[in-house]
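Next, two complexes with chain A in common: one pairs it with chain B, the other with chain C.
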Partner chain A sequence: MANTTNSVSTRRVSRRLPYLKAFVISFLLLIIGLLLSTTIGAVEGINAKVFFLSLVQYDGSIEHLIMRTLRMPRAALGALVGANLAIAGLLMQGISRNPLASPGIFGVNAGASLFVALTFTGVYGAAATDASSITLPFVGPLGIVPVAFLGAAFGGVLVYFLGGVASGRVNPVRLVLAGVAVSTLLASLMKGAIILRDDQTDSIVFWLAGAVDGSDWNDVRTILPWTIVGLGTTVYLAVSLNLLALGEDVAVGLGRNIHVIRAIGGLGIICVAGSAVAVAGPITFVGLIVPHICRRLIGVDHRVLLALAPLLGATMMVYSDILARFIAYPFESPAGIVTALVGGPYFLYLTQRTRID
Partner chain B sequence: MSRKKYFFKRLSILGLISFLVAIPLTSVQAGKVIKHEMGETTVPDNPQRIVVLEFSFVDALAAVGITPVGVADDNKGEGALIPEIASKLGEWTPVGARKQPSLEVVSSLNPDLIIADLKRHEAIVGELNGIAPTIVLRGLQGTYEDNVASMSVIGEALGLSDQMEKRIAEHRSTIEALAAKVPASESRTVLPAVVWADGFNAHASSSYTGELLEKIGFKNAIQSAPGKPYATMTLENLIAIDPDVIFLMKYSDVTIVDGWKSNPLWNVLKAVKNNQIHVVRTTLWAKFRGMIAAEIIAADAIKLLY
Partner chain C sequence: MTATTTTAFDSGARTQNPWVKLYILLAIAVGLTLYSIGVGAIRVPVWETVQTVFGVGSGKFDYIIQQYRMPRIAMAWIVGTGLAVSGTMIQGVIRNPLASPEIIGITAGAGLASAVLLLGMPEVSVQFLPFVSFLGGLIAAALVYVLAFKRGISPARLALVGIAVSAVFTSGIDYLMTSFPVQLDLALIWLAGSLWARSWEQCIAIAPWILIMFVGCLMMAHKLDVLALGDEQAIGLGVRVEPTRLLALAMAVALAGASVAVCGTIGFVGLMAPHMARRLVGGQHHILLPTAALVGTLLVLIADTLGRIISPPVEVPAGVITSIVGGPYFIYLLYRHRGW
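What follows is the complex of A and B.
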């Protein structure tokens, strides 16, 4: 008995940060970020006091309206998009056992944004760009979210097969190469589609970088259910992913069906990444680096990672959106620029560290 | 003997050099050198077959009664042009999108002058020069004054400088006459903006439209530095700036503004309260950027505000 306690406490010591501490710090950072996000903006004099008063004593004044209808949904959407991307990254790195996996690198974002851009640029004959009802030939009216899901699935599955995951020979570098190639291909198809519709080039360029600036509660309602689906998926798969991390043979030996794990994980990724692209565009690198930071902080147990990754993803996205406001203050710049500036170098660092077998 | 041979050899070399020097000299005499945004180009004296790759250049040619043989019309035919300019032109051939003109069609027209845009066509100037002498000007990116200056260069290139300078002087007095209609006490701020499904891009004081409207006496709501002509805005930016008058150039049927209208904050805007949001002709206001277009824009703005 004493022996068991001892071994548990030894394990605790070897962890880099106690769970509780990691969660409390991330949570505080997120709360501060949300407060900053809702108090920095073009209209001055909207401070933390307005934030609280608009919640408890809403009076319909301009300040309260700006807080409740513009800044709060923007901050909330940023947090949800960040959480979704982090979940997507965590699931992808888990099921592919590849540290470089993320929706940005593995074609999921590119596929989703290609499909959305195709529908938006009217290649399918939809002149109007009413996001709520886009009509595809043979499919009928389709919202932007299902379109993004289809695209995410298309890009992801393409990389999955080209990277050799299906044939059982998983080579991390081969997967990354397939991902980069497919992403580039899909991105150039998207540019082709954009050239066909000159008028809206600027709008799509802005959207391509990924941003949450013009969001409202509708966007939040669009993405929230999928964030919950994503969280549910990670909860369901957490133990399986832990076993998979020990090796495919171990997971199979312990009675897990790898194909089922990958299929469920894949569906989860499509839901979280696709819905994030649908509301915010293809924001890069959040999905890649957040799971790594989490593992550095608290270790590799997916049962804990599944809670910390969305929290840190949300934090990173909220702060990126705040920083993006200062690029051309008081006007808007896409938050995706900031995530790319932070994430790009980190990606290079990761590729350096990853051993090529 | 050998000394004499040497002398002849020197003489022949001298002759060769003078001959080589004379070749470019004679070809210079067959045209004139035009200075433009990407250096200097020798252009024929009176070019007859002109291809234009941006709308402001169509405007320039129409201003002096010349019809281009080819126009980059974004594959929209006559509909790409404003009727006020289309009616001034004879027959022309579409050469594809402004962003990506078809070099094949351009060369099939056997042009003797191509007018290209600095922002759009910088990368293909080499190919264009292979087809015909090409001058590169600021059409898309320029301010109002930049574009009027480009008109002078185009006049020179066409060999119609006198006619063009006369037209520019006429244009100046037209704009002055329009400006005289705006009372000096006019204090309303205006904000022209391009809007599409999910974006609002304001044209500030250093943009083409912004500068033109300032010329006739309407202060832009965003006083921007040169080189920063546009601003991507949210509803909150718009509330913070709160212009008296908004001109909307719509790039799609349903725009971001339709979403804003359902927010109670929309009704806080002065332009909404005073019913001063005007939807204007997008092709005219956002795309043409020439003298003819400027005169119509200025007249339209005054008509809308008084």
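What follows is the complex of A and C.
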């Protein structure tokens, strides 16, 4: 007995350093990414100095203007979207105890996109305030977010029940297949809606691939509260998720109410994933792979994961956005392309490791 | 009916002559074709349609019917056949009721290769399109097959790997569409799978390819039947299993690839048509293949016709409608499949 406690405590001690290391490295990476993101672009002469000067002594020059109204919100939005998606993925994987769970695969993104697209095309409910708003899709973001929440809930709940999570004893692959089928279905409905209002196809094609360019501080203001809500949810649920990871009966035996955990987690997922889709379109694979990377780095304790996952999600998204600028330089490409290119192979790797049969 | 719960392949009602059903399907398809040529933004009466198709009409509708509607209807036949036969071959060979050209990555691979050719190298003749998309589909399918192989191919692993590979290839298509945004009509077709604005030129480029492959598949029908009994029985009956399987898969790739090359992803046709055909005529490939082809054609025709009726003059792409039907069907199959 003494032996086991001893080994546990040494393990805990030996983890302390990696925790710190992981946090410091991801934080530094994120800061460097934000700097790069704000200084790389088609306009010359914007460097780190401009970044700092525009913060401390804003002089209204073109460089400072670009920095403060274009580059900074874009970088900040990328970071927040990445953080949101990572939180969503962490919560989903924790709640469903399914390593392949993520907002992209489980129909949450598709549901939110469908509802947002329906609003913009005016097919559903109140028509978009301005038909041209789709060129910069989120100039009226306040109305969009609740709609995206509804859509996220719709897609997620559909997959949740069709995949058989509600009935217990769920097969991860079956859940994924149900998710893909529902996503395809919702995406088709969305394409139909878009094409029926075909005057804006161009920008919709771009938005659908998932992008954070052309964003402003309004978008950041739109998403930030929900990031905080999501973080709060993970903090609240961290211990419960740790117990749930030991098995549903263990969690129940230790006095947790599974249904409450699932309901709160579900609401949290809807907030973070829905708001991310509302401002940036459906960006795939960030929510899937970031929690896995975090677990590899620092283990399975949700109390630590909840801090590292948003950080790494933000980092991944910021760098994806930077890379996306180089794909077809000087033209922009959607960041979602980069995340899919990186995330697809990682998903493959996960399918190789997951016990399926 | 009790036996049908164990396998999704054997739910054929064989009390009636399957050939009769085939001819009934054919008649329905021909009737729908004539109807479909008549409807759209400009309505043409049925008799006038028939006359115009055979070149003895009043001439009023000659252009719209012969240059606009007939090629797209012909394309519906070609693509419906291609996708459905491809799905039948894949399901027969892999013995997996969830397999279809989309699931195993062929569609995305062929789509990416065609997008590269059409958007990146517009100066290359459209005649090369089937070949290029075949190559793309082949690469994707080979990738999926290799990655999913782990002491045999399990249906679940195949589906997962297919999803992942498709996601990567689809992001490539996304990239091309956003980088070459001038070809909006092409983007639309890739986005949703549409028969819109297909021309005789494209029909002629694709039709021989599909026809030859279809005949090839029919010639393999007997071997496929034997293969359906299981590998050991097939070997015992003198069929070389692996070469047969690879040849059948190559044909499936070619068929789906060519279809995707011209019309984008008309989702779930390759999945639904074989299942429906099996229910109609049973599992024997010499009758199953043509029936599946007709069912596929009907699905694409109905989807395309509906898409034109819903809100003229705007068209809903056929792929949108097939996915709206096919998604739930796929989930239904998921429920019936007990092989986890």
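Heads up, the rule we're going with is that the second predicted complex is superposed on the first by the 322 of 357 C-alpha atoms of A that agree within 3 Å, B and C clash if a C-alpha of one lies under 4 Å from a C-alpha of the other, contacts with A are read in each partner's own complex, and residues count from 1 in each chain.
To be clear about the criterion, contacts are C-beta pairs under 8 Å (C-beta built on N, C-alpha and C of every residue); 3 or more make two chains touch, one makes a residue touch a chain.
Since we're looking at a predicted model, the values are computed, not measured.
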Fit-or-clash call for chain B and chain C when the two complexes are aligned on chain A: clash
Touched partner set for A:Phe106, first chain B, second chain C, both or neither: neither
Superposed model, chain A: greater residue contact from chain B or chain C: C
First, second, both or neither for A:Gly214, with chain B first and chain C second: first
Contacts of A:Gly41 with chain B and chain C, given as first, second, both or neither: first
A:Trp226 touches, of chain B and chain C: first, second, both or neither? neither
Against chain B, colliding segment of chain C, chosen among 1-9, 37-45 or 91-99: 37-45
Contact residues of chain A, present in both the chain B and the chain C interface: 195-196, 198, 201-202, 206, 328, 331, 333
Contact footprint of chain A on chain C as seen in their complex: 98, 147, 150, 154, 156-157, 159-161, 163-165, 167-168, 170-172, 174-175, 177-179, 181, 184, 187-188, 191-192, 267-268, 310-311, 314-317, 319-321, 323-324, 326-328, 330-331, 334, 340
Complex interface listing, chain A residues touching chain B: 41-44, 60, 62, 65-66, 69-71, 120, 127-131, 195-196, 198-203, 206-207, 213-214, 216, 328, 330-333
Of all residues in chain B, those that touch chain A in their complex: 74, 97-100, 194, 196-199, 201, 231-237, 239-241, 251-254, 256, 259, 263-265, 268
In the complex, chain A residues that touch chain C: 100, 105, 162, 171, 173-174, 176-178, 180-182, 184-185, 187-189, 191-192, 195-196, 198, 201-202, 205-206, 208-209, 284-285, 327-328, 331, 333-334, 336-337, 340-341, 343-345, 347-348, 351-352, 354, 356-357
